[in-house]
Amino acid sequence: MKIPRNPETVHAPLAGYSHQIEISGTERQLVISGQIGMRPDGSVPDDPIEQLGVALDNVERNLEAAEMELGDLVRLTTYLVGEWDANARRQLMASRLGAHHPCMTLLFVAALAAPNLRVELDAWASRAV
Amino acid sequence: MKIPRNPETVHAPLAGYSHQIEISGTERQLVISGQIGMRPDGSVPDDPIEQLGVALDNVERNLEAAEMELGDLVRLTTYLVGEWDANARRQLMASRLGAHHPCMTLLFVAALAAPNLRVELDAWASRAV
Amino acid sequence: MKIPRNPETVHAPLAGYSHQIEISGTERQLVISGQIGMRPDGSVPDDPIEQLGVALDNVERNLEAAEMELGDLVRLTTYLVGEWDANARRQLMASRLGAHHPCMTLLFVAALAAPNLRVELDAWASRAV
């Protein structure tokens, strides 16, 4: 069972995330490798927002392979490189996650595994058995 | 049940953390979004050490909202930006955590979600049901 | 129980990792602090590949102290600083992990806790009771 909470004692979330999610009971947990904006054919779009869209596709396909869905995400960490259009990034993320608000962290890092990569997503999901 | 260990085969911890914590049995797990130095009114102090204090407040308030406490932290990852007074940082962290030594990782990153943010804390807690 | 999967709907893994590992059933989970290339006597080799080797030693010794092994790793996050020989890094990692492919994320960060540190490893392991 997953219980999201936004404590009144902490500032309101700054975007579509939850401050906390409590997991209890008998769950299947899904650990997922950092997902990048690489399509099944190995191509990577140049545009960072497109890369984010493909990376979110990859997170979703990983969830599907485990018979889970975006609503089972409990944590999503976003690693970014270089300049980003923050509004476009937030809109894309919000449109993809919809009403589900996982816990989130967002970091700008020095680089990812290859110079063309502008975003990587670490996802963690949990679903009741 | 949480069992901290510092193996004799690994160098002694360099600060007030444990090398490992084993979790077993029936636990409630708490996933928490990256906590920043923002007060409930939305203000963020300029001073990095003050920001860290507020971020630790926010971690603690999240734990309280889940009926947990700092002693239930199993992992604390600290993301820092820019120059820091390492001694002041360690003293503050040690004074807040007291005798509890969660697992820790500390990284300097390129930037956080907004330019005025100097620190973010990723916390993970677990408590026996 | 740990089930690794590489969904056909996602590009093939780019190295010796799994896209996802599902954890279910009654498990002992091991949270481990970020492990660096520091030997038991406190010395740290200058060479980054040697540091990575010592950091992997430290992960392995932590696993042993919990009566686990490298095959119980479900996630390994590698934080790197500065220039690295990517081929040498991948070969070392592959030779140490062997046939076991945990989930992985690799990030270049601005710095670690001390200026001489070139690599840190965040590991998470799980083993059936």
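Note that the chains are named A, B and C in the order they appear, and that numbering of residues resets to 1 at the start of each chain.
By definition in this document, a contact is a pair of C-beta atoms (placed from the backbone, for glycine too) under 8 Å apart; a residue touches a chain by one contact, two chains touch by 3 or more.
None of these values were measured; they are calculated from a predicted model.
*Asks:* Write the angle of the rotation needed to overlay chain A on chain B, where the fit uses Cα atoms and the result is rounded to the nearest 5°.
*Replies:* Going from chain A to chain B via C-alpha fit gives 120 degrees.
*Asks:* Regarding the chain A and chain C pair, does the interface count as same (over half of residue numbers shared) or different (under half shared)?
*Replies:* Counting which numbers both chains contribute, under half are shared, so the two copies meet through different residues.
*Asks:* With chain centres defined as C-alpha means, what is the inter-centre distance between chain A and chain C in Å?
*Replies:* Centre separation, chain A to chain C: 21 Å.
*Asks:* Give the residues of chain A touching no fewer than two other chains, as numbers and ranges.
*Replies:* Residues 109-110 of chain A each touch two or more of the other chains.
*Asks:* Which positions of chain A touch chain B when the two form their complex?
*Replies:* Spelled out, the residues of chain A in touch with chain B are 5, 7, 9-11, 13-14, 17-24, 74-75, 77, 81, 103-110, 124.
*Asks:* Using the touch rule from the top, collect the residues of chain C that touch chain B in their complex.
*Replies:* Touching chain B: residues 27-35, 38-42, 58, 61-62, 64-66, 79, 109-113, 120, 122, 129 of chain C.
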